[in-house]
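Shared between the two complexes below is chain A, which pairs with chain B and chain C, respectively.
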Partner chain A sequence: MIAAALQALGSHWRRHPLQLATLLAGLALATALWSAVQAINAEARASYARAATQIGAGGLDVLEAPGGPIPLARYVELRRAGWQLSPVLEGRARLGEDRVSVLGLDPLSHPPLPALEAATEGDPETLAQMLARGGLLFAAPALAATLSATPGLPAVHASDRVPPGLVLTDIGVAERLLARPGQIDRLLILPGQPAGLTPLEQLAPDLQRRPSRTGTDTARLTDSFHLNLTAFGLLSFAVGLFIVHGTVGLAFEQRRAMVRTLRALGLSLRLLTGLMLGELLVLALIGGALGLVLGYLVAAALLPDVAATLRGLYGAPVAGGLSLRPSWVLGGLAMALTGTGLASAQALWRMTRMPLLSAPGLQAWAQRAARGERRMALTGLGLIAAGVAALGPVKGLIGGFALIAGIMLGAALLLPPTLGLVLRLGRRFARGPVGDWIWADMRAQLPGIGLALMALLLALAANIGVGTMVSSFRLTFTGWLDQRLVSELYLTARDDAQGARIAEWLIPRSDAVLPIRSAEFTVQGVPVTVYGVVDHPTYSRNWPLLEQTPNAWDRVNAGAAVFINEQLARSAALWSGDDVQLAPGWTLPVAGVYSDYGNPTGQAIVALPALLAHASAVPNRRFGVRLDPGQVPDLIRDLRTAFDLPASALIDQAGLKAQSLAVFDKTFVVTGALNLLTLGVAGFAILTSLLTLWSLRLPQLAPVWALGMTRGQLARLELARSVLLAAITALLALPLGLVLAWALLAVINVQAFGWRLPMYLFPVDWLRLFVLALVAAGLAAALPARRLYRLPPTELLKVFANAR
Partner chain B sequence: MPARLALCLILTLLAGLPAAAQGFAGMGSTAAEGFSSPGPETRLTFPHDHGPHPDFRIEWWYLTANLTGPDNIDYGVQWTLFRSALAPREAEGWASPQIWMGHAAATTPESHYFAERLARGGIGQAGVDTAPFEAWIDDWRMAGDDDLRKLQLTARGTAFAYDLTLSAQGPLVLHGRNGYSVKSADGQASHYYSQPHYRIAGTLTLPSGPVAVTGQGWLDREWSSQPLAADQSGWDWFSLSFETGARLMGFRLRGARGDFTSGTWIAPDGRATPLAPGAFQADPLEEATVAGRTLPIRWRVTLPERGLDVEVSALNAQSWMDTSFAYWEGPVRVSGSHGGRGYLEMTGYE
Partner chain C sequence: MLLQIEDVTKTYPGARPVLQGVSLSLDAGQTLALTGESGSGKSTLLHLAGALDSFDSGEITLCGTPLSGLDDTGRAALRRSRVALVFQQFNLIPSLTVGQNLSFHARLAGRHDPAWTHELTDRLGLGDLTGRYPEQLSGGQQQRVAIGRALAARPDLLLADEPTGNLDETASAAVMALMLDLVRDSGTALFLVTHSERVAARLDLRAHLRGGRIA
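Up next is the complex of A and B:
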């Protein structure tokens, strides 16, 4: 019996290979997009964790000097007072063509590092080489290869135990590479301090003790980025499930007769349900497996860009390579199974409740739907309200996403009732019986195609919302770059001495030389880069201030006030007029807040003399140069010959803007790709829904055909109906998309990056998207319409003969 | 402390050659290019030679003390500063190839406390100055006058600390021939002198609290570039002070080609007589398991030419220095033909 039942169930798929393919494709797509995002996130997180174990100091507290490096003599002084400390010097340096992070430490006192341990175990010479014989740079294999080819550097040791983009070396070598002799950035406080030490507060009141930040820093900065990706993955998954729902619904609907026959033959409901569950399980596993393969490919294609974004935006150590993780494979399959279960629950439930002898009918659906519509509308409104309410108590990014999820899901549930309303209204304007029938028939179709239209609504709204955000951001960013990058030429000297020589050399050859100098401070426990600027109209005329107090620039230039960036203002809740403590004994009022996109951390601006008075050893290597733009190429040439500067040390304004925009565009490559994929999945969902409805609709179409409408007319009407429904959905998606865009710009961005962006509208983009939606719906309807057109009249006649 | 790392480091420092796994801590490897070798013609001059010799690969300032508390309990104290050179030169800042390592220990009959420090030369975290004399690493110091007659000695770890005043009651003692001490039949040697005549008073702080202690101390100064032969795997080294006022420094270098023993007999007035190779004999009487190894903790030491036949036993069998390169170092009691106290060092037991 079981074998016969299995054969009967399987025969359905043999007779409907396209349906089988659709089901598997839906499952595969849902699993693929979800697991691609998960794979990317898992890879990035693994990179952070690896980096933390590779270069972290095991959560040791550190000592830092506010506003500058710790002099070497200070370290020795504290060691000679008995404190067991380990010095660390780090910074960015251009080694050859690469700009890399250099981490310099003292191997004698630093806690164990995997790269060093592995190297010294393999060859005891390594440490002698590192400390004395010219030095040794540890780098990941890819970076090591390029560094080895760069002349003038110490020997390079390739190790896969060093995070990508980082050079690990002895502090003595690091101070040479970074041109910071005798400087230390922080001191690790080692475990096992001797008894009876003089407290650090007495010995070094100028140094601040704080918990270790390495590793968790990156995780904190990039959390929002990963949450964004996860949200997108979930959206794609949900849209993919619409396809599964449609196909499974169709398969169950078409097998009603068979199910009745099997049950009449004595197959128990329990066994039948079990067999069908088993069938779904097998299908889910196959679809899930396909999805995993697909997801892996998508992730592998996207990861290099994501890695580039994470490195560029956050300095997060992520390599571009993807590795297969068991957690990811199991998670993907679990999602496929859960998704199949969710999407099929309704169909299965309906089958178990199906009376043995009742005939199906769309009218019955429609009546049920009318009752359901009210429930859906109420649930939808409830979800929206819950989303808005969540924003209050649930803080941060999670609250933002709860808002978006509530609005999106609520709006999706509101779609069928709204469409029903529109169709009822349309029917009022219908002329003649055919018109009347068309509107009524569309309404009858609604429950079947509703889910697919919800998918389309979500995909379109996401497209509009994300598109509006990215475009608004880009527009703002471009304008901001114009304000911010005013100098015609930017240059970086090798060291302070060369910087001073270049500045002197430039004075007669340019309109102004503006030093770019900064030091690190801590405000409310968060690192803040404080820039010192000279009094020059370049700043007061162009600097992009969001808000300011009267005479703001005069007060800042006089050293009596500070400008802070929007990130710091929002995270520390400091605005114009508030006081900000930059260091013990250095508190200034905030004169204004400036926008600072593309930078995830806090920043402040003070007058240069004020900075120099409160920070030690502020590097003086970077300059902005004002001059006639036409003279820039000549000046670059002269500078390079006079000071032997590498090409990378001199960047003109246009080049810098191009670089900045390139980083910006990279950041949203993934967003764009996922957006497009989601829309594709939604189009596919409409197709499957229409195919599902197709066979169910024959009993409705047959009488109309019998009344005299040709199959061609009916096919055209089918097409028009589909396009009309898509059009109404697309129109409804527009306001939803704009609400989403607002939420992204005003809530998510503020939480994720610390800046709020003005919203710009892009009607041409909407029009394009609208047309795209109609094309997608038209294409999806074309196949069923063509089938109808080609349908032999006998099939239509059979409807009357069989009267299911 | 990154023990494994530091061990590799020390091996490297002392070896100079990748393949040199010979001898204890690589001391048996051949001299690397550029390092000086000890020569029999060299005459030591003071206070200059109290200071560092950066052109030799290794060097130490090694003080051990037998102390007694008010309740007649015996204690031992060790203070050692090692210098190891990666290259035969000195430089300012991190570029210095000189590596310094400090070991400090306090031993009671029941417990053994120790600590270790590592530092780079060139930045001032560790070093040795003469005029006035100061040897230091972090907050550990041995400082005093130019001729080492008066010294102040301090060190502390997580569980112990000491602050001792030392005053020499006799002259410096040069070992071997004018301080040229031969270490193998192949002629490996070091420059080696001692100040074994310190009288000590001060405070030893243990987890139970501070103890006022008095006693005697012995300072060893030694430098070389290749003190052991390739086949020598370790040594047993004795510094014994007898109730008669005489003292004995004797060592046994264990080698695949046989043991090499030598030493110095120091008369109560400080006159030193080098011992002929083989004259000094030390034979294990009893072994104990220490840190997973088997080590002799009771010895029979004989020197027939002086009528010496004594038993030397550890005050605390577990005086194990579990530092970057581990060894046994602890106070001993002497009984038999001569009574007395001293220190024993045993290295190279696997």
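Up next is the complex of A and C:
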């Protein structure tokens, strides 16, 4: 009995192969984009975890100085007092062509690290070489190959147990590479301390003890980036589910007669429901598996750019390669199953409620959907209200995404009633019988194509919203670079001594030499980089202040106040006039807040003498040089000759801006790709809707054809109808996209990155997107229109002969 | 001669011939009943006469225009201006109201006469239903709308394919009587496909199809 029922149910798909293909394609696309994002996130998080085991301190507590590095002398004091400690120095340095993270440690006292253990097991001399004067660098194979080819560096040992983008070496070598002699960033408190030691609080009251955070810092910093990707993946998934929902709904409606017959023949509703659930399960697994393959390919294509972004923006150690994880496969299949369940629940529920003698009818499906419009509109308004209301009680990024989800889904549900209204208005201006019919027909077709148009609305709004956010960001960023990068030339000396010599040399050859010096402090438990600036009009004329108090620059230059960046202001709730404690005994009022894009951490600016008074051994290697831009090439040449500086140590303003913009653009490559893919899925949703509605469409077109319109005219009208509906949807997507852009700029960015950006409008981009939407709709409608154009009259006549 | 069908044959791909050398003719204002078994080719012949489909050989001349020389656009123009159709399934346009359906063909043909349409609406008993949609009507009401739509365009030839086949006996008789009255009053020629001997007997001419030939 079950076999016979299955055969009957399966015959539907055999007779409607296109519908089956559409359903599987919808499922595959939904799963693919979601899985691609998850694969990227999983790979990145696995990289962070791997890095934590490869360079982590085994959960040991660490000692840190709130005002900057720990002097070597303090380390010696503590060791002499009997404390078993291991020093660590880390930072970013440009080695050859690569900007890398350098981790310097004492290999004799540091807890075992996988890379060192493997190297010394293979060759006991490795440790000696590491400790020797020349030193030894450990790096992942790809980086090791580049570093080996760079002259002037120590020998390089390739190890796949070192995170990508990181150089592991002895602390003495790290001091040289980072030009921070005699400095220690933190001291690991080793296990098994001797008894009776004087407590650290007494010996070093200026140092703070905290748990080790290696690995979790990166994960915390990059959380918002991954959350943004996840949100985009979820949007793509939802757009794909629109296809599944539409196809399953139609398939179930088309099988109502069959279900009625099977029930009349003695199959229980429970058994039929079970069989259909089983059928959906199989389809979901097939579609999900296809989606996983597609998702893997998309992820593999996008991951190198994401890895570059994470390394560039956060210094996060992410490799560009993708590995297949069982959890990812299972997660993807689970999403496919969940999505199928969600998309099919309504159709299944209706089938279980269908009376045994209910008459089948495709028209009934469209009519019922039309009746649901009012309910949809109310639900849509409710969702928008709920999203807006969620922003109050639900704090953080989750609240922001709840707002966006409420607005987007609510607007999608409002689309069919709004389109209905627009079409009713349009009909008032219709001329002639064909005009009358086409407007009325579009209105009647809405229930069938509404879901695809909702998908298009979401995709277009996401494009406008994210595009406006990125373009606003880019415009602001460019303006901000112009303000921040005022010096005509930036240089980095090898060490402090050379820095001092260069500064002296530059004074008679330039308009001004502006040192770029900084130290690490902790404000409210969060690391903050404090820069010391000299009193020069370059800063007061150009620095991008968002708000300031009277005489702000005078007070800062006098050492009586501090500027903080927007990230610190928002995270610590400090604004102009508030007091900020930079170190014990060093509290300054906030004189102003400046924008600081592209930097995920807190930052502050004080007068240079004030910084030097509160932080020891502040590096003096980087300078901005003011001079006539025409003299820059000559000065670069003279500097390189006089001080034997590598090309990478000198960079002019234009070069630095170009580099910064390149990093910026790379950051949004993934967003752009996901945007385009989502639009593609929406276009596909329109195509699948039109194709699955094909059987409904002919009985409506055939009478008009019989009354004297040609198939060519009807095909052109079909094309125009889809393009017009897409055009109205695109116009409605514009305000929604702008609301989304506002939410991204004013809510999500503030929560995720700590900065609020001004919103700019880009009408040319909208026009381009509008045309793209019309082209997508036109292409989607072209296939059914061509089919209609070439349809033999015999097929149309079957409508009248009741042979369909 | 309004309609001249000469030695027409028609075969659908992969099937045996449906029509084999069929000939018949119809003058302006005449009514013709075409009867025959199911599958004898009645509907196919009606479709060919209405320029809805092409034939393999022979010739059909409608209002002086040979159909074999017409392309898709020419056939559509002829259907729009000279012919009207009434089908068993009514085939109204579901997105238009009854009133809009009634005037649709006439407007398409550029011959919309509001007074004539109004008269038709009254005589068909549709006066109170013009604001409704087809799905809100009974079968008999829908077929009356289809007849009104066809005649509102003042066609030269009305083609009707078992127009009462979907209606019960009472409704069928009423609708048929109304249609014949209106056809006669308007001077339109009628080519009616029917199974009913009683209906066929009321028309001027009668032809019977058997195995694709006029018997």
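Here, the second predicted complex is superposed on the first by the 687 of 804 C-alpha atoms of A that agree within 3 Å, B and C clash if a C-alpha of one lies under 4 Å from a C-alpha of the other, contacts with A are read in each partner's own complex, and residues count from 1 in each chain.
Rule of thumb we're sticking to: a contact is a pair of C-beta atoms (placed from the backbone, for glycine too) under 8 Å apart; a residue touches a chain by one contact, two chains touch by 3 or more.
Predicted, not measured: the structure shown is a model, and the values here were computed from it.
**Student:** Give one word, clash or fit, describing how chain B and chain C relate on chain A after superposing.
**Tutor:** Once both complexes are aligned on chain A, chain B and chain C fit side by side.
**Student:** One more residue to check, A:Gly266. First (chain B), second (chain C), both or neither?
**Tutor:** Neither partner.
**Student:** Regarding the shared-chain residue A:Thr120, is it in contact with chain B (first), chain C (second), both, or neither?
**Tutor:** first
**Student:** May I ask you to decide whether A:Pro199 touches chain B, chain C, both, or neither, giving the answer as first, second, both or neither?
**Tutor:** After superposing on A, A:Pro199 lies clear of both chain B and chain C.
**Student:** At the Cα centre of chain A, what angle separates the centres of chain B and chain C, to the nearest 10 degrees?
**Tutor:** Result: 150 degrees at the vertex chain A.
**Student:** Return first, second, both or neither, reflecting whether A:Pro181 touches chain B, chain C, both chains, or no partner chain.
**Tutor:** first
**Student:** Between chain B and chain C, whom does A:Pro17 touch in the aligned arrangement: first, second, both, or neither?
**Tutor:** Once the two structures are laid over each other on A, A:Pro17 reaches no partner at all.
**Student:** Let me test your reading of the model: by the given contact rule, A:Val76 touches which partner, first (chain B), second (chain C), both or neither?
**Tutor:** Only chain B is touched by A:Val76; chain C is not.
**Student:** Looking at A:Leu131, would you say it contacts chain B, chain C, both, or neither? Reply first, second, both or neither.
**Tutor:** Once the two structures are laid over each other on A, A:Leu131 reaches chain B alone.
**Student:** Under the stated touch criterion, which partner chain does A:Met709 make contact with: chain B (first), chain C (second), both, or neither?
**Tutor:** second
**Student:** Least CA distance chain B-chain C after superposition, rounded to whole Å?
**Tutor:** Result, nearest C-alpha distance in the overlay: 82 Å.
**Student:** Using the superposition described at the top, list the residues of chain A that contact chain B and also contact chain C.
**Tutor:** Shared contact residues on chain A (touching chain B in one complex, chain C in the other): none at all.
**Student:** Help me check something: in the complex, which residues belonging to chain A touch chain B?
**Tutor:** 72-73, 75-76, 79-82, 84, 106-112, 116-117, 120-121, 123-128, 131-133, 170-172, 175, 181-182, 192-196
**Student:** Show me the residue ranges of chain B that touch chain A in the complex, using the header's touch definition.
**Tutor:** Per the touch definition, chain B meets chain A at residues 1-2, 4-6, 8-9, 11-13, 15-16, 18, 86-87, 93-95, 97, 99, 115, 118-120, 123-125, 136, 138-139, 156-159, 161.
**Student:** Give the list of chain C residues in touch with chain A in this complex.
**Tutor:** 12, 43, 47, 50, 52-54, 72-73, 75-81, 85, 87-89, 91-96, 100, 103-105, 107-109, 135, 161
**Student:** Write out the stretch or stretches of chain A touching chain C in their complex.
**Tutor:** Those residues of chain A that touch chain C are 363, 367, 432-434, 436-437, 440-441, 443-445, 699-700, 702-713, 793-794, 796-797, 799-802.
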